[in-house]
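Labels for the chains are A, B, C, D and E, by order of writing; each one numbers its residues from 1.
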Amino acid sequence: AAGCSAPRNTAASAEPSPSGGTRLTKIGLDYPFTQLPLYSTLVKLSTAQAKKHGISLLTTSDNASADTQASNLNTWVARKVPAIVSFPMVFEAAEPVAKAALDAGLIWVTYGGSLQHQSADIQFSFRRGGTLLGEAAAKWAEEHLDGKGKIAFLTDSTIELGRERTKGMIDAFTRLAPGVDVVAREQAIDPDTGLSKTKAILAKHPDLNLVLGVTDAAAYGGFKALQQTGRAADDARTFVGGQDGSAPSLLAVKQGTFYRASAALAPKDIAAAIVDVPRAVAAGKANPSVQVPVALVQHADTAEIDALLAQNA
Amino acid sequence: MSGPAGHDAGRTPSPDAQEPPRTPDRYEYTPGLDTPEPGRAPTPPRLIVEALRGPGFGPVGLTVAEGERVGLFGLIGSGRTRILETLYGRRRATAGTLRVGEHTVSPARPADALGAGIALVPADRRAQGLFPSLSAQDNTLLPAVRTLARCHVRALRTERRVFDALATAVGLRPARPGLPVGAFSGGNQQKLVLGRWINDARHVDVLLLDEPTQGVDVGARQEIYRVVSGLAAERGTAVLFASSDPEEIVALADRCLIVARGRIVGELSGPGLTEQALLSAVHDADPDPLPAEGAA
Amino acid sequence: MTTADRVLTRPRLIATGGLTTVRRNPLLLVLVAMVVVFQLTTGSFLDPANLGGIATDAATLAIVAVPLALLVISGYLDLSVGSTLALGGLVAGWLAGQHHQSPAVALLGALAAGAVVGAVNGVLCCYFGLSAFIVTLGMLTAVRGLAQQLFPLPLSGFGSGFAWIGGARIAGIAAPVVIAAVVLAAGALFLAVTPAGRHVFAIGVNREAAHLSGIQVRRTPFALFVVTGVAAALAGAVKASVLDSVVAGTSGAGFELAVLTAVLVGGVALSGGSGSILGVLLGVLFLGGLQNGLTLLNVPTFWQQMAQGVALVAGAALAYFAPRTGR
Amino acid sequence: MTTADRVLTRPRLIATGGLTTVRRNPLLLVLVAMVVVFQLTTGSFLDPANLGGIATDAATLAIVAVPLALLVISGYLDLSVGSTLALGGLVAGWLAGQHHQSPAVALLGALAAGAVVGAVNGVLCCYFGLSAFIVTLGMLTAVRGLAQQLFPLPLSGFGSGFAWIGGARIAGIAAPVVIAAVVLAAGALFLAVTPAGRHVFAIGVNREAAHLSGIQVRRTPFALFVVTGVAAALAGAVKASVLDSVVAGTSGAGFELAVLTAVLVGGVALSGGSGSILGVLLGVLFLGGLQNGLTLLNVPTFWQQMAQGVALVAGAALAYFAPRTGR
Amino acid sequence: MSGPAGHDAGRTPSPDAQEPPRTPDRYEYTPGLDTPEPGRAPTPPRLIVEALRGPGFGPVGLTVAEGERVGLFGLIGSGRTRILETLYGRRRATAGTLRVGEHTVSPARPADALGAGIALVPADRRAQGLFPSLSAQDNTLLPAVRTLARCHVRALRTERRVFDALATAVGLRPARPGLPVGAFSGGNQQKLVLGRWINDARHVDVLLLDEPTQGVDVGARQEIYRVVSGLAAERGTAVLFASSDPEEIVALADRCLIVARGRIVGELSGPGLTEQALLSAVHDADPDPLPAEGAA
């Protein structure tokens, strides 16, 4: 569905704001993964951002359940929340709700992708984050391991976001560092699982060099597993990398450990987009959609890390 | 029908029998049979058991004629419950045959036995008989609802009629169909369990009773005897019951088989069936009075 | 005890005794209080659109809650319904989408898949006598793995015919609500007027006594397992139709706990032998209304979570004290 | 029945009767078979490093499984341990990290938080007599919400002192394993040599008879709820120390089902009154070893899921058939 | 101590009494008390109940002297179980006082009653007495393990000794401490429940028994009578028991109170305590023989 949104965006966004200057008083942020630390950060930052414009921010409590998300969105549409920013757990499933929202004259902003029925979207490519990480790891492997060694991927195949990130990460790495042995692809998105799976992999492959995680949380578990099997925190022949830009991982990167990279989104950029995109739609702006950049942070990027950590605080 | 004379002779009038509330209208229902020996029986045998064996008992052979009430007397652990449960299909027999009238049956579970016309009232009312939280009507009519139903829909009116008839027949007090059975007294609970098999909706050829009046008071006990005897007399049901109470055997049985160590070791009937005779029979059969020792 | 008695002594579908009904189902009072509070605070809780939304959401819950309640009454339990729901939705979507089968065929395929899962549960629990908790928990994991293995990618675009299942309006009422109503009525009728309905209670109260009464103590719960599986698959197909998409990894995740909660809050005892379909309906509406009202009220996420937890405990308190005060 | 008898008639900690032990715990055979298969297929299952890894993973499971088993034996249930674990880890990490408290203080803080959750569960279930299933399910949601509300951001960097709890080696054995061993021994001793251990079984078998025997039928399970809460918080602190980080939203998610599964596969009956600590240990090792072996074997994710589900059912079959064959 | 003469006179020798296995060594233990009227009692009262009321019964006043065995006789539903359960703290009394020796007690739960020296053996063995899957030793010593324990550690050797002594005293068969109690026969189960209160590790001042020999066979019944009588005679325990069986009242009681509709309506003792007298007493007390009707 990606990439087909631009013309329809303008058409749709014109509807709710024929006068071209409707003032928004409320924005609903529907972010289903409430268990992630990023959720709290986003809510905090976007609430502050919204307040600047005299807008109040509403949130849903989806608990990472697609069913709950669907019913909460329906509740909002029935309630006529004027602008909805939603991160659909299942993009296809959000289509009918988005259509209903537009039909009801509401603003619908898709977060993390795009739908056929929408006013605008806030995009960031999940695959791009994975690709960035895979490329950086491959580059490191070529430089420090002469293109040899062993790698384990901590993957996620349960949700779209995870599948995209996984694909980007594995494709980029195996393309650029074909000499490195892929010894494992294990499902892990939380530190516990990351820890125990990496430990098991290490028992079989004590000389494992790289662990790439679909999330920073899982990679952090792998990081701890490597440390607990006796790797020095700054071991030169080890590379761990993850995605998200979560605080513990960023700290580890900053400290110069073998946790060497994180493909991070800047929460502040996202929060700004969450408020500004619906406002732009309401104001009838021509091209309201936003592409939020994903950046890979490494040890050298001290300033960026500090900025990200500050946003997360 | 040779009349009740033989029975009266068989039952030594105990002092109890002279007391006003006891020995009620039982004799009205005395069945037309006082000849317990199978050879002389004027009525055909209804239940025929041959060389029945199972874990812990056997071989056991016995016959119960139409309308006859046969008691099984023995000490605790002698195997009476196992024999009855095996006849009812709750336990598997390892050998032997079982006939109801002309038909040979080998029940693998209670439903099979019921299909062949055999019903059991178990001794452990609480664990094996009752559904305490269900109503009296549900408790008694449980096996009958399906029989009475038409096209898988319950015949609610017929059910109520059957229950009311039954409540009157067994003298249920209070006769409230909706009361949870746990709220009835022990005697009335026993009547309800008994009523499960002796209502108008069901035809039972062979009625097995295990300790039919355990935990039941004097009045209800007499009523239960009356109902069971009435059933045997009027419908020709063959009654086989186990009891540990010699008084009960004398009061209810036409003939009594002595059970010890899983076998039938003796038989008493007619004038010889007295409490004293029963007690000395078990004593002779099992001179070592430690039945549970070998049992456990 | 009393709950069973309640249902059993009066074979009517939904008790009509007014005050008696309320006394026997104190959840009704809580539900009314909840509705009043939410209407007063949000002003839009009772809007037809909102009520319709609650009903549609509650519909899938109700479709599975009814057979699950029967299963719990008979002394068993099924935790695998969340995964069965996903499998049902996937099979239906696959048939309708990839294979362009008619909605009827798609639906039948889903129901067959559900029946197979239910039959496996039933054989293991009823005939082999294994612990229903562990068996169905194992099936929850295994069926989810199977669904993801078979359908690793999300399915969508099932066509307008299939959309009818979830989207049609029958006399102005959404199709899922109509299906749920039919299931509720069938469940209530089953308990009230069929012999097997009596057997369900009897088996739940005293399995041994039921066996000795000549009841099929294995076949009836086995059938209920199959029906529960079928109902879960049906709910999955309905959801797939409403959303026009299914994802093997997330569809119906956590659904088993939601349904079980509705059943237990609705006054069905986990130990078996007691419960009513009216109670289940109230439990489903309570959970659906609570979720909706909290969202309408804009309660912050984590407070919502706390409120839901507390409401559950309150529901338990009520369901527990009800029978006593009801006497 | 027999399981209880097993434990009760012989007050020894871990049955030492060789063959008898095996016959009474057929899971032992399965465990041995599993080890042999995994060692032959992977070649590295029995490496000390791998065994150490399994032990460390299983440790947190065992720490909570022991008190939970006692609770289940006494006829109750606690589903809130996953959230309590998160809360315990967060409180410990917060004290050690943000407030630079000593590990002892951090640990005590965590245990106190766990005790409070356990006490709330205990009061509601034991003194008010509410359904443990619903109450602790409600607490699972509510405590998770509370934890996320209090600690919305991940905590990390707890300092080397705190890292000691999860990382120290005592006589070459990882500290969590030592803690788990102590908990297991304490549980076994409690059941075998204390009067309260007898009471736990008695209450689980027949609460009314226990009450009429003058036993405190409310106080003992209440204490077990508190101990379970404390153990969950301890496990949370250990996990936090091992990972040097805690996330309110995901820490311990699903842990309650993992622990309960270990307990039930270990032969503790959900209906109460029977079980043994040896069984719980076997259950924990079975689950931990299975997960590890499947990872070593590189089994694809979804096949792993299916295998785990099937193993659970097999475990149930075993736990079920054991007592009978054991006679 | 005026000797057992009064007792023998009180018990009309029934035909049963002449049979070999019955009427065993009971009379050896006849307690030193045959003067039931409180005024003439040579021994001090151990249990004094005054104007006790509770839901469904009362007011009830009674005394039981040291070593005295008092029976409560009545029809089903007359309220005997409720009276005993209220004395034991299982039900709350709404009014009245209760004294054990010199001490006034108002038990709010069984543990309180036990603390005051009152113990109850309930009628419903299965639901209220036993832990079927636990061993015989666990079943009997359950309340004693804590008493015997030192520093919260069980005294395993002492426990075994107490159990063995008890098993011998009550004649448990088989005397296997590890056997699950569900595997014992009914009579032996009852002995185990009784043994819970009459072992060496526990001192009981007042023993309440509800239907002490329900579902128990002839031999075990006599043994239970022997044990209870021995306890009263040797330790001076006051025994108050409810029974529906007039034979049992005559066999075990020194004095019998007739209970009807929740009140004590009569008293029989000495030579007047016969089965016939008991039956006519309840009959007079409750001429309408439908006790459950008003009850439910």
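Keep in mind that, in the parts below, contacts are C-beta pairs under 8 Å (C-beta built on N, C-alpha and C of every residue); 3 or more make two chains touch, one makes a residue touch a chain.
Remember, it's a predicted structure, so these values are computed and weren't measured experimentally.
Among the remaining chains, those touching chain B and also chain D are C, E.
Put simply, the chain farthest from chain B by mean CA position is A. Look at the contact of chain C with chain D and you find the same residues on each copy: over half of the numbers used there are shared. Chain centres here are C-alpha means, and the one lying farthest from chain E is A. With each centre defined as the average position of its C-alpha atoms, the distance from chain C to chain D rounds to 31 Å. Chain D and chain E, compared by their mean Cα positions, are separated by 45 Å.
Annotation: 75 Å between the Cα-based centres of chain A and chain E.
Each of the following residues of chain E touches two or more other chains: 127. Among the residues of chain A, those touching two or more other chains are numbered 34, 39, 157. Listed for chain C are residues 148, 152, 301-302, 304-305, each touching two or more other chains.
Of all possible chain pairs, those that touch are A-C, A-D, B-C, B-E, C-D, D-E. The touching residues of chain D, counted against chain E in their complex, run 1-2, 4-5, 8-11, 193-196, 198-199, 201-202, 205-206, 208-216, 273-274. Remark: chain E residues 12, 14-16, 19-22, 75-77, 124, 126-127, 173-174, 176, 179, 183-188, 211, 214-215, 217-220, 244, 246, 275-276, 279-280, 283, 289-293, 295-296 touch chain B in the complex. Here chain C touches chain D in the complex through residues 124, 128-131, 133-135, 137-146, 148-149, 152, 257, 261, 264-265, 270, 301-306, 308-313, 315-317, 319-320, going by the rule given at the top. The part of chain B that touches chain C in the complex is made up of residues 88, 90, 109-111, 113-114, 120, 122, 127-135, 137-138, 142-143, 145-146, 149, 152-154, 156, 177-178, 180, 182, 196.
Those residues of chain C whose C-beta lies close enough to touch chain A in the complex are 42, 44, 47, 49-50, 52-53, 56-57, 60, 148, 152, 154, 156-157, 239, 242-247, 249-255, 288, 291-292, 294-296, 298-302, 304-305.
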